[in-house]
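Two complexes follow with chain A in common, the first pairing it with chain B and the second with chain C.
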Partner chain A sequence: MKNCYINGLGCVSAQKTTESGFLDDIVFYDTNILPVINPNYKEYIPPAAARRMAKGVKMGVVASSLALKDAHVEVPDAIITGTGMGCLQDSEKFVSAIIDNDEEFLTPTSFIQSTHNTVGAQIALGLQCKAYNFTYVHSAISFESCLIDAQMKFNEDEASTILVGGVDEHGKHTNDLHHLIGHIKKEEAGNTDLINSKTEGSIFGEGAIFCTLSDEQTEHSYAKLVDVEIYSQLSEEHLESRIKTFLEANKLSIEDIDLIVLGNNGDLTFDSYYKTIEEGIFKNTQQVYYKHLSGEFNTASAFGFWLASKIIKKQEIPTLVKINDQPKKIYKNVLLYNQYRGENHSLVVLQSC
Partner chain B sequence: MSKGVAITGMGIVSSIGNSVEENLNALLQSKHGISKISSIKTRHIDEIMVGEIDLSNEELIKQLNLPESQNYSRTALLGVVAAKQAVENAGISDINDCRTGLISATSVGGMDMTEKYYYQYLEDETNHKYIGGHHAGDSTHKIAEQLGITDFVTTISTACSSSANAIMLGARMIKAGKLDRVVVGGADCLSKFTINGFKTLMILSDTYCKPFDNDRTGLNLGEAAAFLILESDEIVAKENKKVLAYVSGYGNANDAFHQTASSENGEGATLAMQKAFKVSGILPEQIDYINAHGTATPNNDLSESIAIQRVFGSKIPDLSSTKGFTGHTLAAAAAIEAVYSILAIQHNLIFPNLNFNTAIAETGIVPVTKVKEKQINYVLSNSFGFGGNCSTLIFSKN
Partner chain C sequence: MEGLKLELKEKIIEQLNLEDVSIEEIGDDDPLFGDGLGLDSIDALELIVMLDKDYGIKLTDPKEGKKIFESVAIMATYITANRTK
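What follows is the complex of A and B.
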């Protein structure tokens, strides 16, 4: 087994994550739709090219540039992207154009952009990277599928640096529909007290989070990616035993976990999964969450991955992500757990280098 | 040299048949499945030809015994039918008797329902059950539920190479020892979204597509689903499984040239084939048949021909594109062509490239146009997609 290190990070989100601080100036929202804080795209993309790019592509290009630069890598040996919905705004644009104009007067631009692998492809095109290029599109485990693939690539001796990321953008019509069916909260909840929400549904966000993974540790490495597993179906009652089995396979016990990063999204019905372990096996472990900062989206767990990597490197936890308050310790082994609406669960273990 | 990853089952629904048997018969009789659109309400009904599956959603729902409350897109329905066939073909009685995963591919996902109810959703609640089924992972999730697979389930979407990449990932996971068995393939239904999308790109043919012909005028779209069962050597030995063929090699590369067009020198395709040979450990001259991507667009067929010349030199093996039979089934294409490649190996046959008259002037490559019998040990199958995504799979007999 080869080691897999996180050597660079880039994050475009609803927080000031492209700036130098570490969640020390939290942006609060009183709506249920959290937009990203747009970086100065001109610094990364020529304006003429940027005009033709979908939002997801622009965010992806910025986050991936940051992640590569952070790791001092110019062109990676593989690009693996996760996205739940791809460039959703273009999909919406093309569907509504088809209906509104009764299939006439259509132009191909939005159809082309709507293809799920557009972000990964545009990054490759920009970098002139002819390497392996995959895109995973499986709801809440899209990003984790990328991590599993990347780990295998290292073991196959096919790569020594891999760009991995998760990206999703807001689509107005889609958000309206998710509001209608209660996947977005009916009332304007905002993000100040999401974890204590007593209603169903969540608040939705968008973002692009990329990391540069490598089989070699550098002095800049954030953490080591130890293992990843995904489960399509998992019941609350089997969650703890599943976690124990996963940890045991990595020669870790519950007590070895110094920090757990949870995907609570304020949905009364499904946050019970997190509650189970917050009050169960990880009762005495420091717990953090992040979806009040990022919003919920298919690849929001990549924001959790970014957060965990930063905490490990800095050995400090931003106050506003803490669920409980355990005495400060060295954060060596970190477990990430996420699921969406009770399906597509993922477990990830990170370790300090 | 490892013999690759065993394929122990396969299933398929396409416009030329609703089982492996029916597909084989149509291929042998040169009977294509291309006709004018009949099941989708579109203003292009008289000008566009497609490969439609002759089962309505209602028939599929009945066949699968789904409850009234079901919210399956057509992609999911087709996917479940093909995946169930594959599981049955592999003689699996308990899908969870070993670590089993599912990797599916799709490009349209639940778009057929989205485009149907897009505005109606806002007006009344009748079809709200379909809203959650729009995303690409939904059809995979439903296939997993129907097969009883609960752990490793994921979806790949890299446009028209998607299911080649699903097969590739599955083979890698078996080799890495992460799974003992994996169901791999893809599904895509027809939709107004794709019909109009390809129409705006002006790459749809107004008649039967003519892959590798000098006067080719574009592609026919099609719908299909196909799945393979891949199993580890241990499972094959333990259960004394019949092996249909092996996934011997695979490679993915990016053309990094243009979002929708292939490069003139076929760079990405060349790299994908070269990588597949490296994994397989065989030489180009050992390939007995190339099942080409051959969409019949002016751009693809020229670029692919040049790439094939770059890889094979002057000794180009027998080659055909089967898209004249089925149309281009997008994310499902590589999976249905994997089934055809395996059939070629099992029956020592090459299936014809329909509607071919004149070789492309620049390359002079002449495909096989009639069913041809010959010993087939290795088949190379290409699949390329938007975003420069180029994939090659190599299947072997032993």
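What follows is the complex of A and C.
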């Protein structure tokens, strides 16, 4: 397998991730819906183009722009975008218009912009990039599907620089439904102590996280993407053995993992997956989580990817993401594990370079 | 007629998401497409739907739109003469 390096990052999230610090000024929320901290979109998008863009598209354009700039790349050889729900606001707007107007008077803008590949398309339009452009829509493994595709592109020598990202935005009606069926916590939990929550459901977020991947290491490289695996179904009993097999395939053992980045979202029912390995094979490993900062969304694992890449490059862990407190060491091999409601599991290994 | 022109300017700004444009900036005779407000073909479709929904005017010939949407003043005159609601 060819080498794949993370050479640039861009992140629009509920934290101040477009600024220069590294989670040194955490934003706390009292609600269960975490909005992104909006960057000044006008700095990145011409007003004529921005007027038809919903928030998710704008976030994606900004995050991708930051990731390319960070890697000193102007136009990539491919753009691969992951999204669980696509451009939800325009989808809701269009469907509401169908109902409100009795299936008449449907305007084109929200329909055009509601498709899942709008973000990737708008990024390409902005860059005038006519290269490979693909969008993966697969719940909590949408972003990881993009990583796998990027790895294959490198292996086939079809690209040397690929922009990869994950984007999801809030939709009011969709969030109301998630609240109704208990996927969002009934009580206003906030994000201060999510990991110790004793109730079902999570807090929901949104965001856009992009990275510039390359088959060549540069002085700006954050880390090396070693391997990615996704599983639609995985039982708690088989989780540890699956992780061991995955690591062995990459000539790594449990002891080689210096840091594990977990997708705990405070849901009492499904965080047991994470507990299994926190108290099991990784009990002596430094553990971190991030969904109290980003909120849960289909591509929230991309925020974990951003966090892990930053930790590897900076060799420091922000205090508020730590689950346990192991003696500080060099963070060389980092494992990321995520799942949502017991389905769509992903394992990713990053390595310092 | 003046009231209708004002109403049209408000609708154009709101429905076409012209966040940076104020009512005062749209002159009655300013061209809406091309060099004027810079609207495009998707905006034209939005305006056709608006005529149908808000004023009961169905444009069957798309070429008609080119003349009707030349300016707010021309739109207002056409709507006044043809509106069914």
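We take it that the second predicted complex is superposed on the first by the 353 of 353 C-alpha atoms of A that agree within 3 Å, B and C clash if a C-alpha of one lies under 4 Å from a C-alpha of the other, contacts with A are read in each partner's own complex, and residues count from 1 in each chain.
What we mean here is this: a contact is a pair of C-beta atoms (placed from the backbone, for glycine too) under 8 Å apart; a residue touches a chain by one contact, two chains touch by 3 or more.
A quick note: this is a predicted structure, and the numbers were derived from the prediction, not measured.
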| item | value |
| --- | --- |
| Contacts of A:Thr107 with chain B and chain C, given as first, second, both or neither | both |
| Which superposed partner A:Gln233 touches (first chain B, second chain C, both, neither) | first |
| Chain B versus chain C as contact partner of A:Pro47, first or second or both or neither | second |
| Touching partner for A:Met152 - first (chain B), second (chain C), both, neither | first |
| Chain touching more of chain A, residue-wise (chain B, chain C) | B |
| Touching both chain B and chain C, residues of chain A | 104, 106-108, 112 |
| Chain C-touching residues of chain A, taken from the complex the two chains share | 47-48, 50-52, 101, 104-109, 112 |
| Complex interface listing, chain A residues touching chain B | 79, 84-86, 91, 94-96, 98-99, 102-104, 106-108, 111-112, 114-118, 120-122, 124-125, 127-139, 141-142, 145, 148-149, 152, 155-156, 173-174, 176-178, 180-181, 183, 229-234, 298, 343-344 |
| Residue ranges of chain B in contact with chain A within the complex | 42-44, 102, 106-107, 109, 111, 114-115, 118-119, 121-122, 128, 131-132, 134-138, 140-141, 144-145, 149-159, 165, 169, 172-173, 176, 178, 192-193, 196-197, 199-201, 252-260, 267-268, 271, 385-389 |
| Contacting residues of chain C [partner chain A, same complex] | 15-20, 38, 42, 45-46, 49, 52-53 |
